Amino acid sequence: MNNIAFNIALPLLAAFLLPVIHNGSAKASRLVGPFVLLAMCWFAAAYFIFIEHPVALALGGFLPPLGISFHLDQLSLLMAVIIPLMLLLLWPYTNREGFREEALLLLLAGASSGMALSGDLFNIYVFYELLSVASFGLAASTHNGAAFAATFRYLVISGLGTVLALTGIGLIYTQTGTLNLAHIGQLAAQLDNNVGLAAFALIVLGIGVKAEIFPVNGWVPEVYATAKPRISALLAGLISKLAVLAIVRLLVVAYADTDALSLLLVLGILGIIWGELSAWRAKDLKRMFAFSSIGQLGMVLVAFSIPGEAGMFAGLAMMLHHLLVKPALFMLTENWSGSISSLTGAARQSPLGAALFILFALSLIGVPPFPGFWAKLIMVTGLVGADDSLYLLALGILLTATVIEANYLIRCAIQLYAPADENSSQSAKHGRLTLSISSALGVVLIISLFSITPLGNKLYQIAAEASNRSLYINTTLSNAQVPALRKIQ
Amino acid sequence: MKSTDLDRIEVNPKTMPKRTNPLANVFDDLVRFCRSRSMFMLHYCTGCGAIELPPAMTSRFDMERLGIQPMVTPRQADILLITGYVSIKTLKRVILTYEQMGSPKYVIGICSCTVNGGMYWQSYATAKKLDEYMPVDLYIAGCMPRPEAVIEGLQQLMDKIKNDQANSWKQYYENYDYYLGNQQKLFGNNWQTPTDVIGEAEIYRLMGPQTLGEHTKILQQVQKPMEPLEMKL
Amino acid sequence: MANSILLTILEVILMPLVAFIVGLFMVLMMRKLAAKLQRRVGPPLFQPLYDIVKLYGKQTQISHGLIHDIGIIMAVGGYVAAEALLPVPGMDGIAAKGGLVTLAYLMMVPSLGLALGVGQCANPNGSIGISRALTAMLAYDIPFIIVIFGVAYHFGSTNLVSIIATQQAEGIAGWGISEMPILAIAGLFALHASLGKQPFEIYIAPAEIATGPMVEMGGKFLGGLFVMQTFQLYTASVLYVSLFLGGGENWVTFLIKCFAVLAIPVLIAYLFPRYRTEDLIRLVWKWPVMLALLGVAFVMN
Amino acid sequence: MNSAQSQSLNVLLQEIEGIQLTHQNQRRLRADISADALPALLALLRGRAGYVHLSAISCVDWIEDDQFELVYHLWSYETSILISAHIRVARDPGIYLSVFDIYTPAAFFERDIHEMFGLYFEGSPDMSKFILTEWDGPPPMRKDFDSEQWVMDNFTWQDYHPDWLKQIEQQGGGVVKSADSSRKSS
Amino acid sequence: MSMLDTLLLISLLTVLLTGLGQRVTFIGWIATLLLTAQLLTLLLMGKLGYGGEIIDASFGFSILGQPLNWRYDALSWFFALITIGSALAGSAFAAGAWGDQYRKEGGNPGLLQFSIALNVLAMLLLLGSGDLLSLFIGWELVSWASLLLMVIAGGRASEFGMRYIVYATAGAMAVLAGLAIIFQLTGSFAYDDLAAVAPALNTLQIVTLTLLFFFGFGIKMGLLPFHLWQADAYAETPGPGTAFLGAISSRMGLYAILVVIIQLIGLVRLIEIEIPYSFLSLRDLLMWVAAISIIIPTFIALRQSDARRLLAWHGIGQGGYMLIGLLVLDPYGSAGGLMHVFNHATYQAALFLSVSAVIYRTRTSDLNRLGGLVTRMPLSFLVMLIGIIGLAGIPPMNGFVSKWLVYRSLIIEGMPLLFVASVIGTLGTILSVYKLIHNTFLGQLRLEHEHIREVPLSMTIPMLVLSAIVFITGFMPGLVLDWVGSAQVALGMPQLAHTLGGVESTQGSLDMIWVCSVLFGGFAVGALLFYSGNKAKRVHQLDNYAGGHFLTADVRYHYSDNFYAGLMHHIGSWYRGSFLWLESSLISVVSSLSGGAQLLYNSFHPALYLLMAITLSLYFFIG
């Protein structure tokens, strides 16, 4: 039971040992990363399959609320499985620059698994810090001026964000006197005043930097445009989801039905408007996908701000769908960089790439048979369910945003199939690796298309469990288990 | 211009032989009577005589009581009024208009210029004898005959039609070679009108012995083909 | 059932003949009135008949193709069929089987047929004439349709036979003209415009486009158009009589009414020069449409 | 129109050497000049005296002197005096230069004169057939062309006593019926 | 395995075969064969058209707790018949010589057949939808499938396709919003739940639902404010594709309106709702939208100089008739509206095919560069003649019957201004269809078209079959009125009592058999009279009256440009393209907004703004 902690420890250890192994034998160091990720997958999957009810692990023998405790319920374990899988998919197999990027990726893996699993607010903050450090390194890995400038800007905003998050956590600590999420949940009454709300706002703005929430996502287009497509896929696809999950955890536990929800809703709506509108005018593919991911994350935020199970369900559906589609689209930009007008006739040079582009675009817009439509349908029914005029406004904006999204995505698609003219680039051919990655994601999308009903029920079950506040509190406080380091199954 | 050409055209055309069964004759008389009582006049003012026609049509002399209406296009008209001197350029258009009319058609030459060239007799540019170029039914002399004279002429034409003496339009088909010869003399050998007179003569069985001659041979060499656009699948 | 079919077939054959004869006299009356207005003697009694027999008696004539022939056949045939829908004293024909709206559309078949025939003459004068004729039709058909709506709504049915029956039931007071005077005036205006006589004669303008559609019509083609003219006058006046003047109780009063109705536009016609197409549209869309709408407003409540 | 203007005109015209001016009346001035001085005169008049209007070029065939006389009728709206410039051109080569570049309407007059008199104008834009499109004989208005003779050769004449005329004469000739008997209808 | 399953299965099979076999040369014939198979299975379900009961599909799944099921009733059978019929005509036309020429010019006939088959499958799914969710899924599939058909031609066609898809997505989102509101009211997407709760809805809900659905479905039908995309998009599609789209694609919007507004919400509610400050009820407003979308597109069609665009604009105009007929709510009007869907499909497909035949031979559809083709392409002329008589709604053809029904209901229900508006539409149609046939087939034949022959048999047969249908259903409208009657019953409207010839009633009846036979009797009399005269000699087109002028072939003696000069002189100034201005202003608003939005991301001092925002919120929260 206690080896889930390995999921965090192992990658960190591997990250630090990598330079040593590299000096030993370069070939061996290449194998370390994938091996560690496979192990992480194995452990997390083992837990995810056998768990019936959420389990709280008190690390280091100290019972919560004093000690650090991990909260393992289906949602966090699901994320724990997804993280290594995505990293395996986006691992730099053909990497020649040496081990630094691999080490950072392993660091990223460890930090994100920690953030997904941990049940302690400060612990989440620490892992979040580790995560942003790793993402700075990765974002700057293209070693050119634009990348450095973008990463620097990202650094400034992220630093400021962490300061805010810390003040937020401090405020919560002054109010409730504890940092354990479950304990905070128990004392939620004390946070139900202005200070509590301000604390939540600060944490949202703080952690929101990575979750591309409206005011703090100034860095997104520059970083995604200049970073390697694999890195921006990771950042946009995976890391932003973890940040959102952290906020949602706090929301479910402490601020269940306060007007924190409307704060999230407003930020989500603004995110959608800003994201979709600026994507409409974007000139090159990478920036367009960056803005579109801001818009999509705005939608995810709006979905999570729906009170109760329906909100969690809709949010999870939108999140997982975006996690599947966006990395694939980013991978396509590997050979399709440069302005969109240079892409005219690119479909002739890489027909499979264009077909995949259209598949993912249709699913993103929400054309019926594709899972994107079902996610959007859940969200729409959820928004209507919460009969409050602000939610109806959100529904309206969501629908108009879809129209704008359809406009610029189909404009690109038609541009691809238009006859090639003089300013279309000649090197629009896709590499075999990138095509294989995005087609793998495409296959997953199509499988989920056919098996939509079972997936829907499983997701509903996860959402129900995750949004159950009382279950969270008493699993952590009442029957936390002490993991004996000795018993390793 | 040998005089022999002249007498080949009998000047006062003999009446057509009566048809055998009486009913056909009654029908022919009726049609001839209606033809005489309803004449559509193509108001082709080629020269100064045309100024006499409006008074003939309006209230004082009122041609309509005789059944004569002015019409605009040759397709609808029966009478072609040549009112005045016919210059060679105008003669080309007059011949085209004449050939575009549906027969039985009648030509009335008003003013002495059509009879013998009138006061322009020694001009190089005018045609002297109209009936060399097309069969003329009636001349109304006078250097602009008064409306009474015009009406009198038209009445004489009505009488001629009623008792079947106004068949000169058949002359044009039966003696087409003679007329074509005169026309080619004036306009040169590659003179051609869009209407296919020889084809028409064949269709309506009006081919006389003199229809084809050396002038029509010249015409056939020069003529650009003008077969009608047949509907074909 | 069988003899009623035979009866209707007999009526359908007889009505066009009656229409042709009455139409001839209507044409004669029109030309006589025109002559009298211009202080002329005017044509003899059977002049329209002479013209038609002479035109059909023509020995050579030209045609521009099969569609040119079919155009004239449709023009004459369309009106022959339209006559069968116009009830006359003693004969109802198939008026009960197709109402007022069918008649209005059947009167468009001849103009479409003529338009096709003239189209194949391949003469721009004809095409310009036809484009002006169709524009004039667009112009005068709007008040005509409003009048039809008013009458049909007032009598509650589009069946001409029942319209005439209701009018004759109450005598003069029941006539359309006494119950809907404004509509009657608008109807007269529309009738006049639909005849295509002097002020609205832009599509036959002899000076500018050489009698428009009739430019290439000689011999039996022009004869067909003269026959169509007789039918046109007859249909217009009989329709007006059956809508507003209570239809025909017996032939004498019926003919008097028809000739009186036709005399009015003819008298007006020969005193006016021609309107240009756009002025014609402006005039017909302004006054008759206003009158007709006013009439319908009265009918509606 | 007053004498001051005509005085200044005379002074102006003296610039063309060899010009003889005769005042037919107050509004008409005739100028006889040599053939090669004409363009200079026209340019001078147009430039300095407001003679913007070349109303006509007429041609006279002096067959005895074996010369054509060309008369250029010029009109000015300021002085409103009609100047007609007369020049003489030899008949047999029959070639003169065109003034089309000074007065554009000259093209038509020159084309007409070429067709009627056979006088060729070098530099005139169009010297093709103008009115007599069917005529391919000699220029008809030259005096050495005898129109009547040509007509006698090419045309035949109406026979003045054909038998149908005799037939009418037996019926008393000319108008036989009186006017009122011919009135057909009431 | 109900009949519906076999139908959908064959349709799916067609899609797969045409999709995989695009390289095969005779793919067209395979597609035609399979479409005939679909037609046969549909006819086997024929008893639906004569009052049979509903056929349910055996497959149906429930996704995320919402049941999805498919069923066919008389209404969907009627629409399905038209869909498969026009698709069959289109693909048969494209299968033969047209396809070979299209391939030689670089087009891909296999792709065209594939997209037609895909459209048919999508439409069959939409027509069979058993609940609102499957309706919406079918709706989205149809709009995306028709996008594929529109962008095949590439070049400008993809621009128009792009513009179409923005309109279509906006429409779909409006429908989604409507569905969401219904879900909020009834908690499920089933038809009968909505029908149950409909009477209890308050006015605001009814108005929002109607407007949303009319906005959503109206875009596909090309109702007035949203009609800009249709003409260009349909005209640029390759030949048979236009015929299919023009005939049925925009009628899917009408089907959806029928199902949702008339069948479920019920039109009676719409009549009671008064619009403030105006004497119009909501239904009257919708009828006026339909009436205006009859007139304006027809008079825009009048000015077009491209044959395909002229016909496409008429497609929009005729859609207004169907809506007006259905909104009158009396058996005549609704029967007229439904029958007009069938009639319009037949003659619009025939007209588009004949125009494609002309393009096949002369390589141009510009009306000012055609003329005099009647002597060279008589069959296409005959098809276009029957088509335009149908489109103009003149007696012998079926267009007249449906327009007569609509007019009669407008007269008896006493709606004068609507009646006049629709008649103005008809008159405008007559003018512009004559311009179409005159500029293409009549007038002087051009030199370069002297050696043109009639199109091959594989193209004339579909055209002639369609025009035969137009004539037969005009002569005996009873055939179609049976289907229309059972569709009315399926919609829950009173059925129209009709005979084979037409309609019997005291307030004015129509018997097309009598009217047509008298008309042909009249033509016989006219022919008798005509051929009693002497024989007429056929003359060349240059043997024409031109005021004495000798016509030569190099001067074209033909009038076709600015055809209705007099009319245009009068109403020319009314064409100001106000809708185009509206659309472009909307686009500029969006682009300026997006410019503003991007400003935030290009600014260099995010941290400062962030700090300011935070201190402000802190002061607000804690202070």
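Every chain is named by a letter (A, B, C, D and E) in the order it is written, and numbering of its residues begins at 1.
Here is the rule we use: a residue touches a chain if its C-beta (ideal position, glycine included) is under 8 Å from a C-beta of that chain, and two chains touch if they have at least 3 such contacts.
Not measured: the values here are computed from a predicted model.
Q: Keeping to the contact definition above, tell me which chains border both chain B and chain E.
A: Common contact partners of chain B and chain E, which must touch each of the two, are C.
Q: Which chains are shared contacts of chain A and chain C?
A: E
Q: Using mean Cα positions as chain centres, tell me which chain lies farthest from chain E.
A: In terms of C-alpha centroids, the chain at the greatest distance from chain E is D.
Q: Could you name the chain whose Cα mean is nearest to the mean of all protein Cα atoms here?
A: E
Q: Tell me, please, which chain's centre (mean of its C-alpha atoms) is farthest from the centre of chain C?
A: Max centre-to-centre separation from chain C belongs to A.
Q: Which of the two pairs, C-E or B-C, is linked by more C-beta contacts?
A: C-E
Q: Calculate how many whole Å lie between the centre of chain B and the centre of chain D, each centre taken as the average of the chain's C-alpha atoms.
A: Chain centres of chain B and chain D, defined by C-alpha means, are spaced 37 Å apart.
Q: Averaging only over C-alpha atoms, locate the centres of chain A and chain D and give their separation in whole Å.
A: Roughly 101 Å separates the two chain centres.
Q: Give, as an integer number of Å, the spacing between the C-alpha centres of chain E and chain A.
A: 46
Q: Touching two or more other chains, which residues of chain A qualify?
A: Residues of chain A touching two or more partner chains: there are none.
Q: Provide the list of chain B residues touching at least two other chains, using ranges where the numbers run on.
A: 65, 73, 75, 92, 100, 200, 204, 228-229, 231
Q: If I count partner chains per residue in chain E, which residues reach a count of at least 2?
A: Within chain E, residues 372, 374-375, 445, 534, 537-539, 541, 543-545 contact more than one other chain.
Q: Using the touch definition up top, name the residues of chain B that touch chain E in the complex.
A: 73-75, 92-94, 96-97, 100, 193-196, 199-200, 203-204, 226-233
Q: Within their complex, state which residues of chain C touch chain E.
A: Residues in contact with chain E: 8, 12, 16, 56-65, 67, 69, 72-82, 84-85, 93-94, 96-102, 105-106, 108-109, 112, 115-116, 119-125, 127-128, 130-132, 134-135, 137-138, 141-142, 145-146, 149-150, 152-153, 156-159, 162, 202, 210, 215-216, 219-221, 223-224, 227, 276-278, 280-282, 293, 296, 300.
Q: Report the residues of chain D in contact with chain B in the complex, numbered from low to high.
A: For chain D paired with chain B, touching residues are 132-137, 140, 147-148, 150-151, 154-159, 162-164, 167, 175, 177, 179, 182, 184-185.
Q: Note which residues of chain C are touching chain B in the complex, please.
A: Contact set of chain C toward chain B: 31, 35, 38-44, 47, 49-51, 53-54, 57-62, 64-66, 206, 210-211, 214-219, 222.
Q: Which stretch or stretches of chain A touch chain E in the complex?
A: 153, 156-157, 160, 164, 194-195, 197-198, 201-202, 205, 215-216, 218-222, 273-274, 277-282, 291, 362, 365, 367-369, 373-374, 377-378, 380-381, 383-385, 387, 395-396, 399-400, 402-404, 406-407, 410-411, 414, 417-419, 452-453, 456, 460
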